[in-house]
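The following pair of complexes shares a single chain, subunit A, combined with subunit B in the former and subunit C in the latter.
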Partner chain A sequence: MKRENVKVCVVRAGGTNCDLETEVAFESLGVKVDLLRTQKLLERGLADYHIVVFPGGFSYGDYVRAGAIWAKLMQSKLLPEISRYVEDGRLLLGICNGFQVLVEMGVLPAFHGLSMYPEAALATNLNARYECRWVYLRVENPKTPFTSLLEEGKVIRIPVGHGEGRFVLPKDREKEYLKKLLRNRQIVLRYAKSDGRPAETIYPFNPNGSVYDIAGICNPQGNVFGLMPHPERAFFWWQLPDWTRMESPPKHGDGWFILESAVSYVCENF
Partner chain B sequence: MRFKCRVEVSLKPGLSDPEGETTKNALINLGYRVGKVRVSKVYELVLEAQSLGEAKKLTEEICNRLLANPTKDDYRFEVRKL
Partner chain C sequence: MKPINRLFEKADLPLELYKVKVTEANDEELIEISKELNLELNLNEMKAIQRYFRRLRRDPTDVELQTIGQTWSEHCFHKTFKGTIVAENKTVKSIFRTYIARVTEELNPEWCISVFKDNAGIIEFEEEFAIAVKVETHNHPSAVEPFGGAATGIGGVIRDILGVWAEPIANTDVLCFGPLDTPYDRIPRGIKHPRYLFNGVVAGIASYGNNMGLPTVNGAIYFDEGYIGNVVVYCGCIGILRKEDYIKNTKPGDIVLLVGGETGRDGIHGVTFASAELTEASEETGRAAVQIPNPFEEEKLRRAILRVRDEKLGSGITDLGGGGLSSAVGETAYRSGCGVEIDLDKVPLRDPTLAPWEIWISESQERMLLTIPEDKLERTLEIFEEEEVKATPIGVFTEDKRLKLKFRGHKVAEMDLEFLFSPPERILKAEWKPKRLSEPTFDEPEDLTNELLNLLSSPNISSREPVIRVYDHEVRGATVLKPLNGMSGGPNDAAVLKPLKDSWRGVVISSALNPNYGKIDPYWMAASSIDEAIRNNTCVGGRRIALLDNFTWGNPERPERLGELLRAAEACYDIAKVYGTPFISGKDSLYNESPMGPVTSTLLITAVGVIPDIRKSVSSDLKAVGNPLYVVGETLNELGGSEYYRLKGFLGANVPKVNPKLGRKLVNRIVQAIDLGYVRACHDASEGGLAVALSEMAIGGNLGVEIWLSNVPRRGISRNDLILFSESNSRFIVEVKRKFREEFEKLFDGLPYGEVGLVTRGKTLTIYGLDGKVVVEAEVDALSERWRKGLGD
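Right after this comes the complex of A and B.
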């Protein structure tokens, strides 16, 4: 498929605040982007799109739990369609609040397909603070549609901005679920030290206390991806915090590789 | 019939509660000898149902479907007829 025929949908709800940056980032990759309110998406459906993005923000004021209200709205109105969309191999991306939505919706980690109840949670950061800064991430799985332009073990820099990003699994099934995530290669990004060594849940390398330093996971098929860091905030080279100190800044920020991987995947597979 | 349900959602024991820890430290700074603080969220809802049994069943469903995330939350509730 030609790049200009790739259709991306960035969904927004009341309280979403990263929709425009995400739209601009995708548009700069030469694809067509629709920015849709949830209600419009419910009317229009997902069938037209190759990539659907739930962007960052504070949907519905983070009431009940971050992402819960939006997730349950989608679950109640659009679940069969989301299920078909995912089975069709199209891409679903959740960034920050979007990741919380996908977990609350049961679309991630989805060990056995979509689940009615969440199998994981994004809990309050261990230090009870809103962490808004750049972090180092280690690429664990480059064989997903979202990471194909990265190599395993590569250290990338992308900022986080969240108060509830501590990835937790049910305590009584933590070992079992972690094994499943590893076996299925569902752990895509982990918080790391600048040299790529694991953060070992130590602050500040791991900003929130996530189990196994998990920053982003995908479903077993790899076409649904959720991550706490914001690739759209590390997309253009001029978004880098230290570009003025560089002799020659890179062509892109590291977030570019994630969004470009997704677009390239669609071009090659649809 | 209308029923009033009071639902309390709290973090599972053993799961760290940063909000509780921060509150505990603030209380210690105020001079109180506080050992532990855990934070819960309370919802009060008015529900239409045929019987007390049905109201309880619906409340449980509401907890599982929205108010609590079974990964990290416990819940308990009381239901009374209005």
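Right after this comes the complex of A and C.
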């Protein structure tokens, strides 16, 4: 499929606030982007789109629990459609609050397909504070539609900005679920030190205390991806925190690789 | 409120309405009425009201008196800044016009689009777009309820930006607290501990700004004993709009549309509370005056308003802030030369038992007022419905220049707007006497490394990272120069934003305050703050700078406080005029008094510049080994009010002065040097002087430096410690690309500058004293550790 025919949908609910920069990033890749309110998406359905993005923000004020209200709304109104969309191999991306929504919606980690109840959670950061900082991420799985332009073990830099980003699994099943995540190669990005060694939950390398330094996971098929860091904030070179130090800055920030991978994947497979 | 006494008579109607017997009241009774209704009006003002209603041959209702109280409050009308000031040697008609607005009038830059008139100052950004800026204070509410007070401070200033049809793009915050280690037994009843206030205020700002998806990109935190009783919270917001979208054209027949959250009993008398001194009872009396924040509501409200703007449906817009509906409706009608009729029944209420006067003046948050031509109403309501935001027509603008309020079918207020907006002029006395102060005498300490380390970890100098990290400063993906630079988090002098996706042009935001200098001379405090805000902006490449002034002062009815204010205002004119930097907006918060006395007189200067190409912006961290370092500007014996003296327990007398003619030249040359690509790093010397600025550059770059003090351009100063820590204004430290050394020196020919050292590989800061011996030597890691520890966890 030609790039200009790729259709991306960035969804927003009340309280979503990273939709515009996500739209700008995708647009700069030469694809068509619709920015839709939830209600509009419910009317229109997902069938038109190749990539659907739940962006960052504080949907519905993040009252109750981050992402929970939006997730339940989607689940109650659109679950069969989402299920079909995912089975069809189209791409679903959740960034920050969007990741929280996908987990609350049971679309991730989805060990056995969509689940009615969350199998994991993004809990309050270990230091109980909002945390805005650039982190190092180690690429664990480059064989997903979202990471195909990256290599395994590569260290990339993307900022986080969240108060509830600690990836946790149910205590009594933590080992079992972690094994599953590893076996299925569902762990896509881990927080790391600058040289790529694991952060070992040490702050500030692992900014929130996530289990196994998990920063982003996909479903077993790889076409649903959620991550706490914001690729759209590390997309242009001038967004880098230290571009002023560079004699010649890179062409893109590392977030570009993630969004561009997704777009290339659609071009090649649809 | 149930004021049952001889001066109040319940109206013979099935609603909470009182007739107030103003026309027959004597002086004492007039004051009693003002107190009973919490109007905070003085006798002169009450008499003006009496005259008006005697002419009408009737007594006012409580609704009418409350409307006047709100409109004439210090908070809404700025009676002190607009009043007549009688000083020993002169009489000033309006401090505001004489010293602030006059700078702008005389400079008259074509790029100023709207100054002082509207919710925010508006300046040109580029051909099609304009920038809107506003900075507000929220001191009184934050003192009573720090989280809610600070959060609604941010919420309010964001609505100021929406109130000129601009899209908010970033926030700023400047906070002043008492020392965090103040012993609890020093704090009187009714005042909260600085640590409690600090935690609450920071959490409130983070919560609201983060939720709204606005990056908090610039700010300052300042500690001084004088803030123990009066915390100071400044909240700023920057927005962008197409010039053609700035529409304020309300006409008779247009609909008054109230949008956003419901109206409740929170924030009643917020403005009069803000214009009163804090007392032990403020906890009880003030609690209801503090509003409740709900950023989620405001996020939706923003969406809806921007859609209404983009479809050009509105003829006017304003924020509902201080004074609630009363101020917003009255001002909109008055400015548009209309009258207005409001039906208070229509206002959606959180609490159905509200009396009409409460509905009218409640300061419930997340509400705005739109004026919509009748034929655009349907489409407007459709947008608000889609965005799940309440929008309710509550009245209509009329031809007759009168304010009419109805409730349950009964008239509850009717007044001439001309009367309402012509409060009697205030006449106040001002006195200023130079203070008798002297310079301290002490020997030069032997270990200056230790002095530097102590300064780096002192409250006013140490890293703000623990606070900056809880603010999202990256959201919207447009923060080109961040408050913390690089992975090491060195401090930048100003933030740079790239607000338009198709343009390299950037907005540059910086700020400065120097409250300690004001204890010596408020004139030089104001002058220094202007100089510092401008040079912070310059350091990163900002130019064409506009200024905002925010005064926080004590009770202006005390002549010595007003005398200080007058002196600070004089400097605003003198310095800004020479720098060619117009004031475009400002706000004053007076009556900041508590049982601990007045607040430390504080002037915050915010500077907003532009940079034609963000790719040229310069950060403060050292870049490359071998590059020469220059000090631009003169170092004088000016340690009065310095952090070095404070550390030693002195105030001193030699406050830093400003030579704006020289300063302007230096600023222009720095900008030129940046544009020509000579500059790799630039940082201003301020609190802690050259030594602290150099340390920060080394920490940011994680590189070493060698410095020779003998090469620092200086006058009348010959002690190593004084050169290191003097806080003289208009000074920059510049890392110059080695190959441009000659060009750089040529550019500064005839101006004070000196090549003082170079960037080294060694990761050590080494400073050679006047006699060539090492006076400071420290590992950059050690400097960094002390600098980062200052604020605690």
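The rule is short, and it goes like this: the second predicted complex is superposed on the first by the 270 of 270 C-alpha atoms of A that agree within 3 Å, B and C clash if a C-alpha of one lies under 4 Å from a C-alpha of the other, contacts with A are read in each partner's own complex, and residues count from 1 in each chain.
Definition applied: a contact is a pair of C-beta atoms (placed from the backbone, for glycine too) under 8 Å apart; a residue touches a chain by one contact, two chains touch by 3 or more.
Not measured: the values here are computed from a predicted model.
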With the two structures laid over each other on chain A, which partner does A:3 touch: subunit B (first), subunit C (second), both, or neither? neither
Check the contacts made with subunit A and report whether subunit B or subunit C touches more of its residues. C
Figure out whether A:197 sits in contact with subunit B (first) or subunit C (second), or with both, or with neither. neither
Touching A:233, do we find subunit B (first), subunit C (second), both, or neither? second
Does the superposition put A:37 against subunit B (first), subunit C (second), both, or neither? second
So in the superposed three-chain picture, is A:179 touching just subunit B, just subunit C, both, or none of them (first/second/both/neither)? neither
Report for A:123: first if it touches subunit B alone, second if subunit C alone, otherwise both or neither. first
Can you list the residues of subunit A that touch subunit B in one structure and subunit C in the other? none
The residues of subunit A that touch subunit B in their complex are 64-65, 68-69, 72, 104, 117-121, 123-128, 168-171, 209
In their shared complex, at which residues does subunit B touch subunit A? 11-12, 14-19, 21-22, 64-67, 69-72
Quick one: which bits of subunit C touch subunit A in the complex? Just the residue numbers, please. 206, 210-213, 294-296, 299-300, 303, 386-388, 468-482, 484-487, 498, 501, 614-615, 617-619, 621, 623, 701
Please name which positions on subunit A make contact with subunit C in the complex. 14-18, 20-21, 24-25, 28, 37, 39, 56-58, 60-63, 129-134, 159, 161, 163, 194, 230, 232-233, 235-236, 238-239, 241-242, 244-245
